[in-house]
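Same chain, two partners: chain A is paired with chain B first, then with chain C.
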Partner chain A sequence: MAKEAMLDEWYPVGLFSQVKTTAYKTALMGEPIEVSVGADGNAIVTTSGGRVLSSRVRYGHVWSSIGDPQKEIFSIPEADQPGRRFVDVGVVRVRCSPLRAVENFLDIAHFPFVHTDILGAEPHTEVQNYKVEIRDVEDEVWATQVKFYQPQAAKSASGGITTEYMYRVPAPTCSVLYKTCPPRPSEWDVITLFVQPLAEDLCDVWPWMALFDDETSMTDLIHFQQTIFLQDRSILENQIPRLLPLDPGMEIPTRADLTSVAYRRWLKRHNYTYGAQLVAQ
Partner chain B sequence: MSADTTGFWTPVALSADLPSGTVIPAHTRAGSIALWRSDSGRVAASADRCPHRGMRLSYGFVRGETLSCIYHGWSYTQTGNCLRIPAHPGLTPPDTIRVATHLVEEADGVIWVAVGEPVHPPPKLEGLVALRSLTMHADVTTIEAASGAKSDETGLLKATQQYDTMWLLLSEQEQGHTLVHVLLDGDNTLGHRISASRAVESLRRCAEDLQARRSRDG
Partner chain C sequence: MKLYDYILSPSCYKVRLMAALTGLSLDIRPVDFHPGGEHRKAELLALNPAGSIPILEDGDLLLTESSAMLVYLAGKAAPEWLGDGTAEQSARLQQWLSFSHRLTANLGGARLHEMLLRPGDIALLQAQGVAALRELEAGLVEQGLRGMPFLASDRPTVADIACFPYVALAPDGGVSVDPYPAIRRWSRAIRALDNFIEMPGIHRLHELKPEPQIGTGKE
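Right after this comes the complex of A and B.
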């Protein structure tokens, strides 16, 4: 139904480090698929009917599409920068629209209430004005100059700091977050949210990170992100409706929600409506 | 439930199960609601959806005389208007930001929520005291069959299980489930309360078995 415009996009379908020669079964936009690694070391993705799908290995994950991708996977230049640690966080399955999962990732106003004493804390609830734009050349949503007080912004942070964020939406179910890097103030930590749409109201969320942090153990880095995403899941599975409403009237945005407003506008402009609700019900 | 032409009352919870400063989900024929009691003890019922991002308000928290959404902390008064948006502490939220609310009455240890605008007050349960509530995976007719008694127009059923009399206040839920409030005569003893609690559990098993048989046999 609503899949057409999103069919030709790339989606994560698994961690490359976990893919084996025996295929594992998953799904992409309602289509059962199988993911394995061939004798040459490349990922192989097929439908359960045997149709071979396009595939790539990038940012720790296997990517695929049930359509015919017209462009390459979006670039993250920091992924090739020496000195960063790349963290495969794993997967969190969430019973919500893939678009709701991305929108939640773009939101900072929930930090004091959902990620209490980690990414935010009362009384530091105010969201200062920030800049949002849809960049026409790149065809991406960008939010910049986003600032927020955080008690423990990262595993490597000790004590509260005002963190600066930049958000990018380069694909309908993917977002890249650039965040103040406590040990290296001149650089940005990169935290991504790659969402695999299993169905319109069910998704696998694959967070991935490229950090400057030589201190924290891999286990602690993964636990930190998983804690955050499990807190988000308790919200995402209890929003009504499960699909993301794209028509105005169903939900009420404020100035703090300008990234979400731009994201919804961008989705609508491209007919990226798999996981969206178009008529207020 | 007691129906008149303009609306009716649904018994959604026992007073004892909603302490001050808490919120719980409840269900009426008009949909899901967030039922909450302020720190000063006032009971209120609102639609179970924050209009900002659709989060269930029954997951929220009560502070003072307001109910707040757990997602972004937007807080609402008993009458449903939004009082505060923490992301914009200096902003007075416009009157248009509000949640739908329902009339609530609390009497004889039972909290009633209005569906529509009933003309009459909720039914009186004088002389009865509330014991506990439980959900049965069975519909009202099946519970009546299992208990061998009929409920009256207020949803009240007099069950004589084993030795003692107990009163069951029935409220239809989603998916053919029924919320059952157990009430006893006022002069009950601890022994009565324990045996009634056991009796209603065995009634639940009976009703659920009967319901399962009925669904199987089509």
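Right after this comes the complex of A and C.
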């Protein structure tokens, strides 16, 4: 229930392209907030009591914090790379812990069962060995050398390919995924999951992408990612316990869960426990 | 045949599912319903002033009501999906086709509210959704007593396809289908149909594992 450590973090609170001069009412960690755009074109975020909150516009979204952010929003250098298309996938509300939403995004083993015939397929269910580390300098969780056979890895993929992934957790409720880019093998496609914690067991999820793909229509790119995420949503809403357990207990991790283990360890190290369950039940 | 389609729309899925079950192919035109709101923009409003999707175009025919689309696809490719034509069965089929619009309004409304943050009185939508599910459960139990596993007949018809998606996705709107055994059995029967296709939130039936070999004691 401790939200102190997460108070000073940045969170997405809206799609910048959809913010209007009339305020959009939402919430951040239980606090009702309002998001609008001012006459100068800048985003304005306030509590409903009128306190002006810090705000930024980055990666297609308005970001804010109910605390006092000590650092800038994490960087995604690819977001400034020419030639990429930026995809605002749009919000999806999920009745789950914001930390669970991120943890599910980091999981590879569920691809053949939940995203059948798209991100995975039986019998190709094995998660090969990969590398996970908590990088001290960046203070981020990284999983690299992840390889998985995927029938349709991206909208731009034709037929099954072995896809390579890197996962990165730069903030407690955000993850960035780097993935084989079928039309440009020397580059990575960037797929993010930005999660806005509304409450400990309720979140708005804002997926966003920066892709090399000049063929597929924007609507098709949006629908591909919405399809994937909506396959996850019903699973996320049925996970028990609702909060993410940080102490060992009912859940027994296996080798395939290395990223999840590192994520939980990193959350615990920083006392990022809003949406977490601390004592095993 | 061109379908203006949104992958997450249960009403669009009805049409895709019907086409798959009857072996028809559709030319899909994706509509940026969310977040773009394309169904409310000039091009689509010119086709459908109601501002809803799906929209089905086939030559001169332009349909904007999903039940009409189901009837059209069935009539074209698989008339057995329209019932046997007796007065009673035709009436039952029409009854459930009309009923399906209530599911769109209540369970569909609850789902849009809970998932895509559309406005609405969520408590009222969920209560109306529960009332509709109870009515459907009673209807399926009565059909069961008549020896018929589907809504209007002993085989699936357009009525089942019209009602199935919003019922199967009720949990997306915070309405559980756990209390309704007849609905769960019916839903399973639909998912087990040949050429069934899924949509996000409606998972396919995984193949059952072979029966375990019970030892004979002679090992």
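One rule holds in what follows: the second predicted complex is superposed on the first by the 280 of 281 C-alpha atoms of A that agree within 3 Å, B and C clash if a C-alpha of one lies under 4 Å from a C-alpha of the other, contacts with A are read in each partner's own complex, and residues count from 1 in each chain.
Everything that follows uses one rule, which is that a contact is a pair of C-beta atoms (placed from the backbone, for glycine too) under 8 Å apart; a residue touches a chain by one contact, two chains touch by 3 or more.
Bear in mind the structure is a predicted one, so any value in this text is a computation, not a measurement.
Of the two partner chains placed by the overlay, neither chain B nor chain C lies in contact with A:E4. In the superposition on chain A, contact of A:E133 is made with neither chain B nor chain C.
Judged by the touch definition given at the top, the superposed model places A:T116 against chain C, while chain B stays out of reach.
By the document's definition of touching, of the two partners only chain B reaches A:P241; chain C does not. Of the two partner chains placed by superposition, only chain C is touched by A:R93; chain B is not.
By the touch criterion defined above, A:R255 reaches chain B but does not reach chain C. Touch criterion met: A:T125 reaches chain B, while chain C stays clear of it.
Judged by the document's definition of touching, chain A residues 114, 234 lie at the interface with chain B and also at the interface with chain C. Of all residues in chain C, only 6-8, 30-32, 34-36, 38, 114-117, 171-172, 174, 200-201, 203-204 touch chain A in the complex they form.
Residue ranges on chain B touching chain A, taken from their complex, read 48-49, 51-56, 59, 69-73, 85-89, 91, 97. Of all residues in chain A, only 15, 18, 88-93, 95, 114, 116, 204, 217-220, 222-223, 226-231, 233-234, 237 touch chain C in the complex they form.
Here chain A touches chain B in the complex through residues 109-110, 112-114, 122, 125-127, 234-235, 238-241, 245, 250-256, going by the rule given at the top.
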